[in-house]
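Encoded as structure tokens, here's the structure I'll be asking about.
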Amino acid sequence: MTPTTLTSFTPVLASLVSLLAVLPIVYFGRKPNLREGFTFLAGFIKLGLVLSMLPIILAGNTIEYTLWEIVPNLSIAFRVDSFGMIFALVASSLWIVTSLYSVGYMRGLKEHSQTRFYSFFAISLSATIGVAFSANLLTLYLFYEMLSLATYPLVTHHQDKEARTGGRTYLTYLLSTSIGFVLPALIFIFLKTGSSMDFTSGGFLSGHIGASEALVLLLLFTFGFAKAGLMPFHSWLPGAMVAPTPVSALLHAVAVVKVGAFCIIRVYTGVFGIDFLSNLDLGTMITWIAAFTIITSSLIALTQDNLKRRLAFSTVGQLAYIILGVALLTPYGLTGSMMHIAMHAFGKITLFFCAGAIFQATGKKYISEMVGIGKRMPITMIAFFIGSMSVVGLPFAGGFWSKFYLLWGTVSDGQHFMLIVLLISSLLNAAYFFPIVFKAFFCKPEESLFENKIQEAHPCAVIALSLTALGSIFLLSIRI
Amino acid sequence: MIWAFDLILLIFLVITAIIALQVRDLLSATMIFGVYSFLMCLFWAEMGAVDVAFTEAAIGAGVSTVFLIATVFRTSRRSSD
Amino acid sequence: MKIIGFIAVCITGWLLLSAINDFPDFGDPHSPANGYRLSQYYITDTFTDTSVPNMVTAVLADYRGYDTLFETVVIFTAGIAIIGILRRYGSSDKSVGRSKAFIEEPRKDLLIHTTCRLLIPIIQLFALYVIAHGHHSPGGGFQGGAIFGASFILLALAHNLKTAEKRMPERRILTLAGVGIFIYAGFGLACLILGNNFLDYSILHKLLPITPIEARSHSMLGVEIGVAFTVTAIMFSIYSNLVSSSRMKEGL
Amino acid sequence: MILNIICITLVSLGILFFIGGALGILRFPDYYTRMHAAGKGDTMSILLIFGGIALYQMHEVTVANALVAGKILFIAAFIMLTSPTSTHALMRAGYEEGIRPWTRKTKKGQSDS
Amino acid sequence: MEDFFIFAGIAVFVLMLPLLYRIASGPTTIDRLVAVNVIGTKTSVLLIFIGSIFGRVDMFVDFALTYALLNFIGSLAAARYLNRVNPDQQFSNLQTKE
Amino acid sequence: MIEQSPAFILLAPFFTAIFIALVGIRFRWICFPLVLISLTLSVIASVCTLFRVLDEGTLRYFLGGWAPPFGIEFRIDGLNALVAIVITVVALITGIYSRQRVLAETPDKVSQFYTLYLLLVAGLVGMVITGDAFNLYVLLEISSLTSYGLIAMGPKRATLATFKYIIMGTIGASFYLLGVGYLYIKTGSLNMLDIHEQLVANNLLGSQSVMVAFIMITIGVWIKMAFFPLHSWLPNAYAFAPTTTSSLLAPLVTKVMIYVMIRMMLTVFGVEYTFIQLDWSNIVIWMSVIAILSGSVMALAQTDLRKMLAFLIIAEVGYMVGGVWLADQSGMIGAIYHIISDAFMTLCVFLFAGIVFAKTGNRNINAVEGMFKKMPLTMMAFIVGAFSLIGIPPTCGFFSKWYLIQGGINSGHWEFVIALLLSSLINAILFFRIIEIAYFGANPAEGHGHHHTEEPKRSEASPSMLIPLLCTAALLLAIGIFNDPIIRIITDFVVATGLR
């Protein structure tokens, strides 16, 4: 069967459905059950829409839809291919789980302004799916900006001084890089090619620009999508951890940061083209930057006592894996990167859920306070263990596959140094995760607060984190 | 076009303008501005722009001086610079 | 600040003078401004077009009547703006802080009274002459209106503001000013309603038993009268607002 | 021709009076005296000059010229009317302000005020 | 005859010079006012001269008339001003500044 | 009657202004409905005109029936028609908005206010639709005089600001007039197109006096539009004016002057002369770069909300001047499109500032504290305006910036591109500072706050102020999303001038 292109409104709907859900969410703001009902409804519809396109994509087809021409030769257009599909699937399925979790978390903590929280959550998801399904650079940029802005109220949900500082850092990094780096790069490409900037599998830049221009553009894009957290543009991520945990979980382990990585992969593959990049030998430099980020962030993570911050630095490192995988410019590396988006999403969201659950049940934020907590919250800590296994890349969870492909990619490309970097970093990952688990289960609690009674967090939260932990294990059985 | 008148008038205009700027007493400056307007009117007339001269005569002699005096009356007679 | 101003003036002056070499000779009848078809057309065709011998009036009130309409509006605007800024309604005399500085009742002066009684009617008569005679000699609505307004100012100066106010109360000022512009713009609107372009007076011959060319001439007179109304009213209004601390009570 | 000569004579006489007025304004010691020179001299000279020019207009006796001559005489009449009045008003203003008239006995330093 | 008027005009202009001097030097405001008043009358004379030179006195006479009528208003306004303002409150008229 | 539509754009507000001056003193209630009716008529007429232009090409309307160059004409092409629509629509929106503020701020001068208001609109429209260089000056005077009056009707400090404005504005207008005078000396004509034809036909473009005329006109217009070193009148004038006034002046006056600059450069002097023969692009673009940066930075230093916005206008003027002088097709398109979008953006934020002032009586930025809770709709509209000023898609600010940057890259003026991007970032900082204050309060609580203070009552501004604001925000989005037809009209105009 030859690959064909279908025209369908479904991708647009898939993106819009959560945006439309904002209206009932705001309207029923005073009735929490109804409001969250709509959130779930939108989530399921979204997942359904995404799933409905899955068979078509698996058959090797693509779906396209052009909304309207917004600048001559340049339109708001949607396109679904396999890569976008993976991302959309991950994001939309995790949204439902996160909604479940956030019901438990937000109600458990009696947070304020929950309506605002749910509505902006929905908008962010809309933007995420939009990024996944966008067909050209302009659409991508549009949704990328929308995501940055829609997550701002979520990051600063607590409306206190700390939140303000975090929010400031967040916006400063994201907006300055996107306006300062991506936008000019975008316009420059548009001028050089004069085309519609549609992503094509082989890239469309080759032949239009020279080597030095390509280098500049590449750097502009790589650092411009600062959501990917490549050093030195990473420090918004730990700062943004002031957000409520569901936000950190979904947005800063899945949606936002993965959007950054996703955009970079899209640009490398769809705009520059792997061949073009490898001809010019531009990948090596990026791999070095990524390798540096990986090692540094892992080392920083080791020193963090705040659990969420440790997770955040771990995320920075893991994102750099994805970048490194792409920058290897080999098929295996690329596959590894794409898989790592999904695998890491499940693993890291579990970890965040656990951190949130611990905070909600005990009010503890710091790792040093969590000694012996496993006796009190066994399910949570088991899920945490599974999640960390996935992130470290041990062969009991989904993370194994992606790491495997990444390693394979380095080997097949002969980049042994990168192999060593990956291995060292995996060891470091283990070093900053497993002590937590170990202490949780095998050390005696210091304070009387930890009675040997099992006292988990809000049931919704526990269900959610179990689901994602199971998901991580389940992903082991999938091979792409 | 009478070149002699032209010359004299232009010189006088410049002199009057400088005097009007130099004087610190605003009432005097107002009156000197009136002289400037007389000369201006003569200048227009001498160049043959009769309608303009007439307007200058009607406005400059009758009305604008009085307006300026009224303004000085209601504000201050002292110039700050 | 003064030095900056001086430098700016010098630069501007130098810039303006630097182009002088380029100019046509002073008073050259063949310079573009004089010899070009525009001026020639006005000189040769004005009378046949409009039957007004004074071509300046014809250019002002007909060829470029739209400009003149808005020049009248400039004066109107100035008056309204001054009323808007300065006029203080109500009777509380608190803010007339400088009233001590003024001698309240200026002495009556018989000589000035008598002269003004003699002069004011003549000035007004002359103003009317200037308005009406604009077709043939320099003059017209602006000048006539200014002279007419000046006569009221003279009245206020010779007696006091109240006397002049009696002749020309504030309400009447505004009415006069508005009516003046309405006369002018109304001529234009009438043309527009009858089917021609705005201010194309020739169509007005349908209303009166005259030829289109005469219609232009007569309309110009009407327009000048409108201008004169506005200018008269606004001139006095500005004076009375300025001089009376915006209370219309006492002044110079 | 005779008209021209009369006209020239009158105008020259007027200018002579002007010279007097100007000298007075330039040289007289205080403001009352200066005003005196200006008011008197000017009124006279304007009467003479305008009379001369009005006559000059009549070299062709037509209605239009007569009108113009009449207007010129009117101007002279008005100036005769207004000039003394304004002089009077100004004089009065100065007097009420307390400027004392100059007399020979005052010292030079005070004479100017 | 035109030449005569030109010379007469120049003479009147020259006679304006002392007046300008008086205006510039003062010493009192009223001195300046007087000089301005005189310049006003001279202006109307000059206008008539210019009209005679051009041979179109009928045109110029109108605004010479305007001058004659309106010059009065300015002087009167200034005089009224001086009458109305208390001597001790105002900027001294007696001073020679500059 | 349709062929009279260009005249009606101007005549509707004009006649109503005079009528209000006549009867408004006695019947105060009649002013507001009359204003609305006349402005609606004007909007309809301008839209009609635009459609006629699209159908028939350039419209010419001879006033008094005299063909140019003997008489005055309205000469309307795509550019004028668009700008005229912008003016009338902004005036209508502000007109609705003015209902309460005028009664509150100038209760005893309602009729004078509305007279001046409508005359200002008439003046601005007249400047835009006229095809005569001197007529433009006359209407420039009308709009300046009315705006002096409108600003000075504000509170005490407005008077001094107005005085500064009068001085600068008069100098600017005189410069313009001098320039037109020089052109008249050289060409003997006042009609814009005729001047151009004479300049080309008589081969006058190289002469010194034409260059002086060009400089004078440009500098005069720069003063009126508050281009950077000549901007000092603007901030105080706009900050201390009555709220309605500043929300009418801020969007329109500077934009119309930029229109005049474009008209003079493209129609009167022509593309070849302006960009090729003179070739001052480099200098002017550096000036605009400085304007953009200094305007933005000075805006950062302000604590007065409206003053901050006023400094932003200065930066925006830099955008447009730079865009025009890029001598590039997309730069010109961007500049013209920015006229439209900036008018509405500025309108939006100034309406917001007016509402804040009306609600709190405070000029300071901190007055917006807690607005998210109290006035969510107002804040939403403001955020749209702010996003547009920052340049976030899909608001119209993004697209104008898109074209401007495109022009900058195309013509190789990277400094302009960098300035644009930097100023976007500074705008982002500026507006997020306000949003933060509105969201967190001026001094948020320390530590992890779960402060469940009682929800403050919702108290939106009255509908007559809120609806215009929301309309403006909606317009911003609409102009941005459906920019294509507008861009097409502008492109047609720019291509017709021969700019490449």
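So that you can tell them apart, the chains are marked A, B, C, D, E and F in the order they are listed, and the count of residues begins at 1 in each.
One rule holds for everything that comes next: a residue touches a chain if its C-beta (ideal position, glycine included) is under 8 Å from a C-beta of that chain, and two chains touch if they have at least 3 such contacts.
Owing to the predicted nature of the structure, the values given are computational and were not obtained by experimental measurement.
Steps from chain A to chain D, taking the shortest chain of touch contacts, total 3. Between the interfaces A-F and B-C, more contacting C-beta pairs are found at A-F. Taking each chain's centre as the average of its CA atoms, chain C and chain F sit 31 Å apart. One simple way to say how far apart two chains are is to compare their mean CA positions; for chain B and chain E this gives 10 Å. Computed from the mean C-alpha positions, the centre of chain A lies at a distance of 87 Å from the centre of chain E. Multi-chain contact residues of chain E (touching two or more other chains): 33, 58-59, 62-63, 65-66, 69-73, 76-78, 80-81, 83-85, 90.
Within chain C, residues 112, 119, 122, 130, 138-139, 143, 147, 150, 153, 157, 252 each touch two or more of the remaining chains. Touching of two or more other chains is recorded for no residue of chain F. Under the contact rule stated at the top, the pairs of chains that touch are A-F, B-C, B-E, C-D, C-E, C-F, D-E.
By the touch criterion stated above, chain C contacts chain B in their complex at residues 2, 26-27, 56-57, 60, 130, 138-140, 142-144, 146-147, 149-150, 153, 157, 235, 238-239, 242-243, 245, 251-252. On chain C, the positions that touch chain D within their shared complex are 109, 111-112, 115, 118-119, 122. Listed in rising order, the residues of chain C touching chain F in the complex are 12, 15-16, 18-19, 21-24, 31-39, 41-42, 62-67, 70-71, 73-74, 76-78, 80-85, 87, 89-90, 171, 174-175, 177-179, 181-182, 185, 189, 192, 196-202. For chain E in complex with chain D, the residues that touch the partner chain are 1, 4, 8, 11-12, 15, 18-19, 21-22, 27-28, 30-31, 33-35, 37-38, 41-42, 44-45, 48-49, 52, 57-58, 61-62, 64-65, 68-69, 71-72, 75-76, 78-80, 82-83, 87, 93-94, 96. For chain E in complex with chain C, the touching residues are 58-59, 62-63, 65-66, 69-70, 72-73, 76-77, 80-81, 83-86, 89-90.
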